[in-house]
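Here is the structure we will look at.
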Amino acid sequence: MVFSSMTYLFVFLPMVLLAYFIAPPQARNMVLLAFSLIFYAWGEPVYIFLMLMSITVNYVFGRIISNNRANHSRYAKLNLGIAVGWNLLALGIFKYYPFVSSQLRGIGLKFIPGMKLILPIGISFYTFQAISYLVDVYRNKIRVQRGFLKFALYISMFPQLIAGPIVRYDDVEKQLSKRKVTLAMFGNGGEYFLRGLIKKVLLANQLGALYVQIESLGAAHASVLTAWLGAFAYTFQIYFDFSGYSDMAIGLGKMFGFRFPKNFDYPYTATSITSFWRRWHISLSSWFREYVYIPLGGKRVSPRKHVRNILIVWLLTGFWHGAGWNFMLWGLYYGILLLLEKYVVHDRISRHPWPGRILTFLLVTIGWMFFVHTDFSEMLTYVGHMFGVGCTFANATTGYFLRTGLLVLLLGMFFSTPIFHRLNEQFAVKYYTTSIAIRIVMFMLCIAALVYQSYNPFLYFRF
Amino acid sequence: MTDREARERARKLRFFRLLGIVFLMMIFLLSFLRLVWPRKAYSAQERRTLTQFPEMTTENLRNGTFTNAMEDYLADQFPARNVWVYLDDLRGRIMGEKYSQGVYRSGSSYLIEEFKRTDDNRAAKTTKAVMDYLREYPDISAYFMLVPNASWILKDKLPGGAPIDSEEDWYTSWSQEVKNANLSNLKVISLAPTFAEEAAQGKQIYYRTDHHWTTYGAYVGAKELAAQMGLAFEEQNWKKVEVHNRFQGTLMSKSGFYSRTADTIELYLPDPDVASVTAYKEQQKTLPGLYSSEGLTGDDPYEVFFGGNYPWLNISTKAKTNRKLLIFKDSYANAMIGFLCPFFSEIHVVDPRYYTGDIRTLTASAGITDICFLYNIKTYYEDASLSLILEGGEADE
Amino acid sequence: MGEQWDIEKRRQLYIWAFQAVALTALFAFVWFIAHEKKYKEVDVPQLVADMSTITQDEWHAEDNLSLKRRFGLAANDFAAVGYFGPNSNMDAAELLLVRVKDKSHTDAVVEAMKNRVAYQCTCFDGYGEDQMALLKDARYLTRGYYVFLIISSDASSVEREFLKQIEP
Amino acid sequence: MNNHYKKLMRKAFHLILGAIGFFLFVTLLYVIAVSGKKPVKAGVDIVKDIESQNVPALLQAIRQKDVTEIDVTVPTTEEPVYSVPEKTTEEATMPVTVPEITEGDVTEPADEPATQAPVEPTTEPPTQAPTVPIPTEPPLTVKQIKIMDFQEEWNEKLDLNDVRNLTNEEQQQIHAMFMNTIFFGDSMTQAIGDYGFIDMSQVIYKRSASVDALIEKIPEVAAVYPERVVIFVGLNNCNYYKTPEDFVTAFTALVQKLREQIPGVTLYVSSLLPPSDVLGSTRADLVRAPMYDALLNHTANMLGVNYIDSKWIVRQQNYLKDGIHMNRTFYRVWFRYLQLLMGPNL
């Protein structure tokens, strides 16, 4: 189930809100857990067993590690290794095995059995949460969770279950036991949720439609400018899609008294790639920094090793986003850009924020074109179009897309800057009735867009 | 904390509290309305049955059918669904969106369907099947008329630069294919030049909100066809009758682009009258004339012609001739057949999308003297059923 | 001291067992999931022809037009179709196997099959008891991309054979 | 504090009301956009006028014009002319004259002992003799000779089980000939369409129907305005009608209703075929089949319905498993026979 669906908004959400606030405080964790499991089971019910398995395994290993940490640290480390291995194995099989096996079979190793597995929703997110928990327990940064229910809730809590943010255990440890929701906090959560919904439904979906139209253009209609328009549309689409989802998760968390860390910090206003990655999907990049980069030695090593570390981290980051060569290429692309920034450009650009900003944005845009095309020949064609290979600079079709897509692109641009949010906040405080009226209308527009998605006329044939 | 800061904080709290209340009210109000809203079985606007509450079986739950159907059900049965669709249309209009579900919205209130060259082979296969079929009947005169669609004739009305494929290009290559088949008994009627002229004179050839041609368009088409068939078309008088003046057609339904734009449907009745009777063969009904009042008053008034599309119609007329015509057609022909009635004693109308009989038996046994293939380009390009019935069913073995 | 060591050892044994179970459970689950989802691609018309010989039912291979006539389905909408229809209007046995291109077509195909069976039922109702028995026992199988209608005097055998053929 | 929340609630309430108002406004816009999708009344009336024309009258006018206004050149009767397009228009009028030909000539004399046919009908050709009218009057008409020749030829083929399928040409001739004919009956009739001899659009049937049940289907037949109706029913009637009188009454009613609802129609009825030997020996009620058939023949003659004796085509090996219905072979000969009797070549 996704948040931007009818089932969620008008069946699941009212039910969980009612049940949660009617239930006595000590039963609330139970309610949340039950609904979380239903939420998870909604799309692909069998994977509920994987989820339960993961919860149990990580719970028990957490206990084993914490029991042995003081006296038998090697034994604890062994168990940590096994537990992390277990998590990575689960992730590896479900997410990467189909890809790897098909690649291996492709080069002639026919004895490897191919498998078609449906990716369990959110497995990349909750596996990483579990790993961070185990490592933190081992490092004695947090106290082990003895309550199974609370631990299960930490892993499976529905707001952040399927698309992050990757919540660190110490962020929510206290709230798992004791939390309070005030009306204002609830309203604050509602504000986040609505913002996320608007980003997803009104911006991301429309930008996505624009991108799909441009992407599927035949060679006869393609041009440089159109290709860039499409690339910008996708760049904004993925931002609003992802950050919208994070906003909704944070908002929902707030409604139930949890404070999740922020996941995006206006990434498209970043002045360098380094700063872009400090602002984009923060919970993921900090996870990689903490659990991969620093254990490898970080930057306190020889430059050669540092280069190695960075490349490893970024290959993994790329691969985390999906099982495909293009994701690796995308990760590598950032690894190289970051190395260039560190060793070649240094902080020259940070002295000139605007050129840096524009350059960063363009590089990120190009990066997304590696990200979105799983097929290499399509990727080459598209990126080729962006640089004028095999097409003109602009044509009539460009004009068409400029006229029909410019407004939504400009809105996207405006929405992804802090200026908008500052103005929005000031306006909300000053004219609070009006701004709530605006939110109501926006919410109604979201519903209209969701209803329209199912508008599916059947005119010519009855199949 | 200064006074000002405290005031600011209080205002902020007030805003969030109010928002919390409003958010809850919205969610619960709509959920409640959704619960009590009467269920609908059919949407006249989309012309499809709406999803009902899904069947809950272990199998359905296990493979995710239930959950998908649930989402469809909720969206289909949402309170005042059509108004929400309209609201989204308003939003799209403000945002400058011009395209939806294969339909472009033009400035001059025309909705125009796109043409996409997805698979040239399918149409080539159909053309080959037609040529092979016609080759078997060298004594029968054959006519092939592919009617250009609005996206060709009215391409100036499309939003500038809209990325549609050119029907003209495809038509040119198709003409070449037909020419190469070298059939002496086949005549091809190209309507584009005439239509372009008519459109330039401001005549309405296509409905603004429907993918069909107007009866006037069909009249122009019939005139061209009649000239090739050697019919005394010019001597015939027609009485124009307006039967609908608020016609909102399939393109409006298809795209969800709603506006007050409406069209007029006219009928051209032969004057003096030519008695005709239509046998709906598969429906086993024989009815007088060519028109259906039920179709006219129904969801799609274009169905005034014959009440819709049927597999096989047999029209007998009082025309003083012994020419008998067999038409292979799509819904475009429905508006045009009336113009041919005064010139043929019998017309067999076959819609390959639904016809399942043996076409060769029909051709030979009905005493056919003329065969006409009458399609609009888009349907001809996209539809595979014509080749299926012409090849006698073993097409895909 | 020894006793405590024993407890320690037993605890380690438990942990060891847990580790083993955790791993086994994961693999068992993967095996279960992967096992369930996989069906072989077969030559559909050939398979149907083979299965038609399992029983003594009176049927014969039909062409695409009969498929369109009786089920309202166009063969070229699907990846592959195999259809055996009744020999005479006094027979009810039929086999229709469809491999859909897209799983979203499955419902429409099953719907068409059900309509056909319902229509046949109206033909034989209160008239042909044997035929009604066959129709009542009509089976609709959906496995992966396959949709299969079995109306046969020995539907179970046909079903078993079909599952055997597509199961790797 | 309490006051504060009250104020908030009131404000929230107003906002929601505003939202509803906004929604109603959009509804209004929507209703305006799609309102008045009504056709012009005068136009509907004109269409309804056209629709309310009398079909039989129209059909009569249409069929008449062929005779009166087009020059007719009589085709040579020896060759089938249906595949020659130009000549078919006048052919359509020919069947009108057929009834006179078939009546009396084709039909069995009612007093012929039909009972003997089912007892041992097909084992040896001599028993076929009764089905061929052997006139005592010396001059055999051309028609009778043709019928005899036909039966002789096909009896032989049936006995040798060498009945070939209809050729495409024969199929087309049959198709053309029965364009304006409806085959009406129970499962015996359904087989005609199922086996593909005639397009399903020419067949109206109700399985396992008695003659009474067929009466209810007459409006469906009437909706087609056929020129000819061929009735072919089976053994259902033997156990449905307990007494012969009931059967006769029902059949009479069927014929009357058909004529009432389809003025000018020419009716044909095919024999009620006996059950197979195997079935006949086990089912007491079916023993009456020959008697019912004789009654059918008699009643048909009384009512001026053309009775087509088709019992001579029955062979034991051509029964389906149920012992009631016939396989394709039977219908192949049946159709050729029908073509001979009802066609213009006779």
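Every chain is named by a letter (A, B, C and D) in the order it is written, and numbering of its residues begins at 1.
Here, a residue touches a chain if its C-beta (ideal position, glycine included) is under 8 Å from a C-beta of that chain, and two chains touch if they have at least 3 such contacts.
Only a predicted model underlies this, so the values are computations on that prediction, with no experimental measurement involved.
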item: Chain grouping by contact, computed as though subunit B were missing; value: one piece
item: Innermost chain by mean C-alpha position; value: B
item: Centroid-based (C-alpha) most distant chain relative to subunit B; value: A
item: Winner on C-beta contact pairs when B-D is weighed against B-C; value: B-D
item: Between subunit C and subunit B, distance of the C-alpha-averaged centres to the nearest whole Å; value: 37
item: Euclidean distance of C-alpha centroids - subunit C vs subunit D, Å; value: 40
item: Inter-centroid spacing, subunit B versus subunit A (mean Cα positions, whole Å); value: 43
item: Multi-chain contact residues (two or more partners), subunit D; value: 11, 15-16, 19, 23
item: For subunit A, residues contacting two or more additional chains; value: 46, 433, 436, 440, 444
item: Contacts with 2+ other chains: residues of subunit C; value: none
item: Graph class of chain-chain contacts, one of line, ring, star, complete, other; value: complete
item: Contacting residues of subunit C [partner subunit B, same complex]; value: 45, 63-66, 68-69, 74-76, 81, 107
item: For the subunit A and subunit D complex, residues of the former touching the latter; value: 433, 436-437, 440-441, 444
item: Subunit C - residues contacting subunit A, complex; value: 15, 18-19, 22-23, 25-26, 29-30, 33-34, 37-38, 72, 77, 105, 108
item: Subunit B residues within the subunit D interface of the complex; value: 14, 17-18, 21-22, 25-26, 29, 45, 80, 82-83, 86-87, 90, 139-140, 241-248, 258-260, 262, 265, 267, 269, 275-277, 279, 281-282, 284-293, 296-297, 301, 304, 312, 316-318, 320, 322, 324, 345, 357, 360-362, 364-369
item: Touch list for subunit D against partner subunit B, complex; value: 4-5, 8-9, 11-12, 15-16, 19, 23, 26-27, 29-30, 32-34, 36-40, 42-44, 46-48, 50-55, 58-59, 61-62, 65-66, 69-70, 82-89, 168, 171-173, 175-176, 179, 199-201, 204, 220, 223-225
